[in-house]
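Structure provided below as structure tokens; questions to follow.
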Amino acid sequence: MIEAYRAAWTDLEAHFAGATAAAGLAFLPFGALEQHGPHLPLGTDTATASAVARRLAERLDGVLLPPVHYGDTWNNAGYPGTVGLSPATVTAIAVDLGRALVGSGARGLVIVNGDWGNRLPLASAVRILNDEGVLPAIALDYPGMAEAIELVRESVPAAPGLNHAEEVETSIMLALEPELVRRERFVAEYPEFPSDFGVRPMQLHGFSASGVFGDPATASAEKGQAILGATVEGSLAVLADFIRGL
Amino acid sequence: MIEAYRAAWTDLEAHFAGATAAAGLAFLPFGALEQHGPHLPLGTDTATASAVARRLAERLDGVLLPPVHYGDTWNNAGYPGTVGLSPATVTAIAVDLGRALVGSGARGLVIVNGDWGNRLPLASAVRILNDEGVLPAIALDYPGMAEAIELVRESVPAAPGLNHAEEVETSIMLALEPELVRRERFVAEYPEFPSDFGVRPMQLHGFSASGVFGDPATASAEKGQAILGATVEGSLAVLADFIRGL
Amino acid sequence: MIEAYRAAWTDLEAHFAGATAAAGLAFLPFGALEQHGPHLPLGTDTATASAVARRLAERLDGVLLPPVHYGDTWNNAGYPGTVGLSPATVTAIAVDLGRALVGSGARGLVIVNGDWGNRLPLASAVRILNDEGVLPAIALDYPGMAEAIELVRESVPAAPGLNHAEEVETSIMLALEPELVRRERFVAEYPEFPSDFGVRPMQLHGFSASGVFGDPATASAEKGQAILGATVEGSLAVLADFIRGL
Amino acid sequence: MIEAYRAAWTDLEAHFAGATAAAGLAFLPFGALEQHGPHLPLGTDTATASAVARRLAERLDGVLLPPVHYGDTWNNAGYPGTVGLSPATVTAIAVDLGRALVGSGARGLVIVNGDWGNRLPLASAVRILNDEGVLPAIALDYPGMAEAIELVRESVPAAPGLNHAEEVETSIMLALEPELVRRERFVAEYPEFPSDFGVRPMQLHGFSASGVFGDPATASAEKGQAILGATVEGSLAVLADFIRGL
Amino acid sequence: MIEAYRAAWTDLEAHFAGATAAAGLAFLPFGALEQHGPHLPLGTDTATASAVARRLAERLDGVLLPPVHYGDTWNNAGYPGTVGLSPATVTAIAVDLGRALVGSGARGLVIVNGDWGNRLPLASAVRILNDEGVLPAIALDYPGMAEAIELVRESVPAAPGLNHAEEVETSIMLALEPELVRRERFVAEYPEFPSDFGVRPMQLHGFSASGVFGDPATASAEKGQAILGATVEGSLAVLADFIRGL
Amino acid sequence: MIEAYRAAWTDLEAHFAGATAAAGLAFLPFGALEQHGPHLPLGTDTATASAVARRLAERLDGVLLPPVHYGDTWNNAGYPGTVGLSPATVTAIAVDLGRALVGSGARGLVIVNGDWGNRLPLASAVRILNDEGVLPAIALDYPGMAEAIELVRESVPAAPGLNHAEEVETSIMLALEPELVRRERFVAEYPEFPSDFGVRPMQLHGFSASGVFGDPATASAEKGQAILGATVEGSLAVLADFIRGL
């Protein structure tokens, strides 16, 4: 595994020159600077995506790119400290990086997305990269994570599929950066959502004063590690045929 | 000083709520993943901009944003490992972040630019932010650094104002991240440049096989600290009236 | 219910002038001209979306707009006869129509989407319309349909959530336009999909020679009516709070 | 003639595979949802363009595409019920469909334009399609119609070349969809126009309270058929060398 | 009349400060660098538009802006020496200048267009300027010229409404810049045009080897003066209500 | 030297057909309509760029294009009479003209820029033209002028590198168009600038009531000629290898 931020250009050149398909992959963590309640850091999504991307790069001996620290966080923009990009900019970043990687000899781009709001703009980017023949590319939205959550979660989710600053995300951060988790600030919130929640785009600050959606009380580093491990395995499973086709 | 990546949204809200003009500033390091010869890491520009931004945020008790790790590195794109953005995307990132900071209560945005290629697109962004009344913004291209270099440099520059992977940048990285500097790979290169160099946009890989422009042999951490220190002071001098006018 | 295509402008003006929130809604069927196997017409998605939109307009006494006959059908573009729009154009159409409806006195826009590929670009459009305060807008991707399918389907789906030119869509067209369904051309296809299917954007013509994904043999008009009825009810349920908030 | 909405993709594929140049043409009616006085439906332009396109497709054994129901109707936007697109979107639709038709095997695209406001944006689209070598394309603005009008019109036009919801358009709708013509709502209006009318872009609602420009009283289905027939012949005459050159 | 190129900013400020509606108009000649046969200069369209604009500015005591020397000359791009702009750029120039004039105190913008290809993009620009309330604006395509031509022309036109490097344009240049007209190079050409000429966008170099469309032999300065004079009067007639409405 | 405005297309064709690399260059003066104090005309930048471009075209026997009379003059937009373009439009003009020149047989494009605000957008344009392989292009920002100014200037500059409507520009206009210089309006202004002047984009009207920055009193035609002459020589020196590489 090569960490691009710390390597010299000649290291990258040498790595890609003799690389297998898997080792020719570049892994890009795409995060966000987004509110995660009073007890988790604004960098939670970036930390999570970076950790998953690092483990994938290690497992496949690929190249780990430095993370994109900002994402499309419109639905959390009502909480100060959330500092995001427009969806068009998220798309542009991923497309530009895909184009640039071609010149470095990369065989493919794997985006590890850590932010819900990045899903649409990254899907657009990946389609452009594949459709225009720039570079084989894929964006992973944590495959395998949902199933792993089911196995470990003790608390009730605030809404189906909604894990924001509650047991799940707090567990992940306890596993990754426990010193950034302020246990003394734990609060639980269970908002009431309208009938068009999840269908119509909505900003979240009207629903939760704290920015927590659910309850972090039962979080643990062990659960976090289990969720992260399953996400890495789920990602590797999805990538199997992607790599085969390179 | 608050480091946004590690803080919770409530910390940011509290900080901005009672902030003086200076403390209300957000500092954004804008770097690049760009070749810096065989002996310096691809993250050199990001590391340098992050260090300057951190010191400015400390001195003014402002908010340090996480860095943008990618920039407009077209002129180094011929060296594998350089992975850059188009100028339009660089502009878009800075404009988007400026818009987003308004909602967080920031009083102004100070971009600390670490990459030569970002100068034009960031100048465009800053003009938009100021002209459209989004947020007072300024992009600093290391004011004070050129004068400090004159005081400490022992080697001859490859061209006037060109400091790339030679004594200056190597000194800075020896001061910041010495473990990432590979002394055993030091080489010197002094290309011949055509009459329109510096006027007409040119890619650099035709001029230097190593990516070094000049000679890193005389680099030292002390020189690096002197240059960084002067750059911080030069930046503070430029910012004086900017802050007064907020 | 008013059908805009057939009404005069003075009819629309009168309708909107005295309308309740529900009656002030305009319903836009967003379809596609897309391959649906050898036995279903290219207009299948438009026919389905138009039927659902008509029933919703009837139930709420709203305004039925003429359908958009073209959508983002990139994943079926390898089948001749599929004639589609870029995602940016799909977004632009919906945003433009939203802006234009304001001047007519509409209270809100309900897009009834009939094409999988339109989901992302319509989500973008709806966010713009709501976020910029143009007009309250929502895009419905057949809420309630998946549950109804589970109740009536006898065949095995080709992949989870994939209903294309098989029992489900054929049943719907048997319910809506039976004369356009060619039973004599029924074929079944069950492709093998790679591990990144559903994650990475893919065009479908490599997987099915006929364009059928599954088996239409057990289709019936009754099943189609059941699915359509449940979709209308599911849509009304989602719309309840949307209307309340107008 | 093949009607794409009702045909399967295999029908289109077979048709284009063995087609002559003329039969290889796709005919796209480009309409509008636009006010046409209190007595004509909002869909008047779409109905007219669809009828002309259908007759052309029949005469040349080509492919009839489903209509675009929305156009650039800025000059009638002051009348509620007019729901239009921006000119850029009109252009984008036509360019996208042109690009998409190439993959289906079409030999050329004939746009039958039914809305005055679409003229400029469709001219832009057709130039792009031809200039970039996408597909031979042409936009017809009812060639032959002006001459035919001269032969049958009994009323005085409100301005030279202006036929809006008066004798001409009412005759056409009496020929095509008589049940949508409300005779009891007939009114005549003859506005005074300023010296820069027809030169400077103007919205029309300040000139006519009813949206009628002229007098529909002498309209008849016979006149409508004569006008439509002459438009079809005029269109065929223009298309002669276009087809020869394919 | 004030010629902006030669005046100081304080002259413009003083002029607009006390100006009547007519005197508050800025006149922009929009030309082209386009082939006009072997005997007329590439600047023919700019020269003509500048002359008409100057006379209008004199008659109304307005402000004459310097000309735009480049236009959308796609249909003559096959002749070397034709150097043109894309239609989007033509539109952008006119919109930008309209926006900028507001700050100078202008009451309106009158574009005097000298190039056929500029018609569509300038129509787009003028609609934007008026529709968005930037500044009252109008683009004049030589009103009154066609009628004047009928009165003086002795030669047969190559096609209805087509005056390119023949009797008409040569007469105008004989009136304006006789030293730039090379009589010894006069040639006549009467191409055969296909049935879709004038409907489908076409480049002209396939039709005329010389770039002349018609016959310049009967050109005279007197005819040119008559045509220019009538164009000025026709323009003033169109402008009457435009000025009244300012 | 050929002046494109006055030449016929056949002259251009003949010139480029047999041209050396130097003679195959097209010279484009890019000016501005911008305030230059009460004593200099708004066309000062265009006049200067046109003069330099003409002398270069003469020296190299190239083609002189007509000037672009408008530029990005945002920083002087607060003075009435300044009428400018957005930076995007400046870029678009230069890119379009570069593309168009290819078809005429030009070997390269030399933009002679006369306006400070055009620097960034023209740098963007030139990079596009070179990077996309359209045409070798270069933008000259008066190389050699700064050194020549040092030799002749008697007055103190208002800020380093700032020559606006003072001794330098007044001298140039006395050399080029003395009848447009109003000596009786001479004023001197020496504003105080804030610490971020020259770093942060600023509009200038808050600093100088007259629009003069410095003192024109010591201007002379001789100084102007010296500055222009040195600028032409400086430009030729920069162009030497550009021409060699064509």
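In this document, chain identifiers A, B, C, D, E and F correspond to the written order of the chains, with residue numbering beginning at 1 in each.
We take it that a residue touches a chain if its C-beta (ideal position, glycine included) is under 8 Å from a C-beta of that chain, and two chains touch if they have at least 3 such contacts.
A quick map from chain label to UniProt name: A, B, C, D, E, F = Creatininase family protein.
For clarity, every value in this text was computed on a predicted model and none was experimentally measured.
Listing every chain that touches chain C and chain F alike gives an empty result. Of the chain pairs listed in A-C, B-F or E-F, the one whose interface repeats that of C-D (more than half of its contact pairs identical by residue number) is E-F.
In this assembly, the chain whose C-alpha centre lies farthest from chain D is B.
Once the centre of each chain is set as its mean CA position, chain A and chain B turn out to be 26 Å apart. Separating the centre of chain D from that of chain E, both taken as means of CA atoms, is a distance of 31 Å.
Residues of chain A in contact with two or more other chains: none.
Passing around the ring starting with chain E, then chain F, and so on, the chain order reads E, F, B, A, C, D. Only residues 4-13, 16, 26, 33, 35-43, 46, 65-70, 77-86, 88-89, 92-93, 96-97, 100-101, 103-105, 180, 182, 185, 211 of chain D touch chain C when the two sit together in their complex.
Residues of chain C touching chain A in their complex: 74, 87, 120, 123-124, 126-127, 130-131, 137-141, 143, 194-196, 199-201, 237-242, 244-245.
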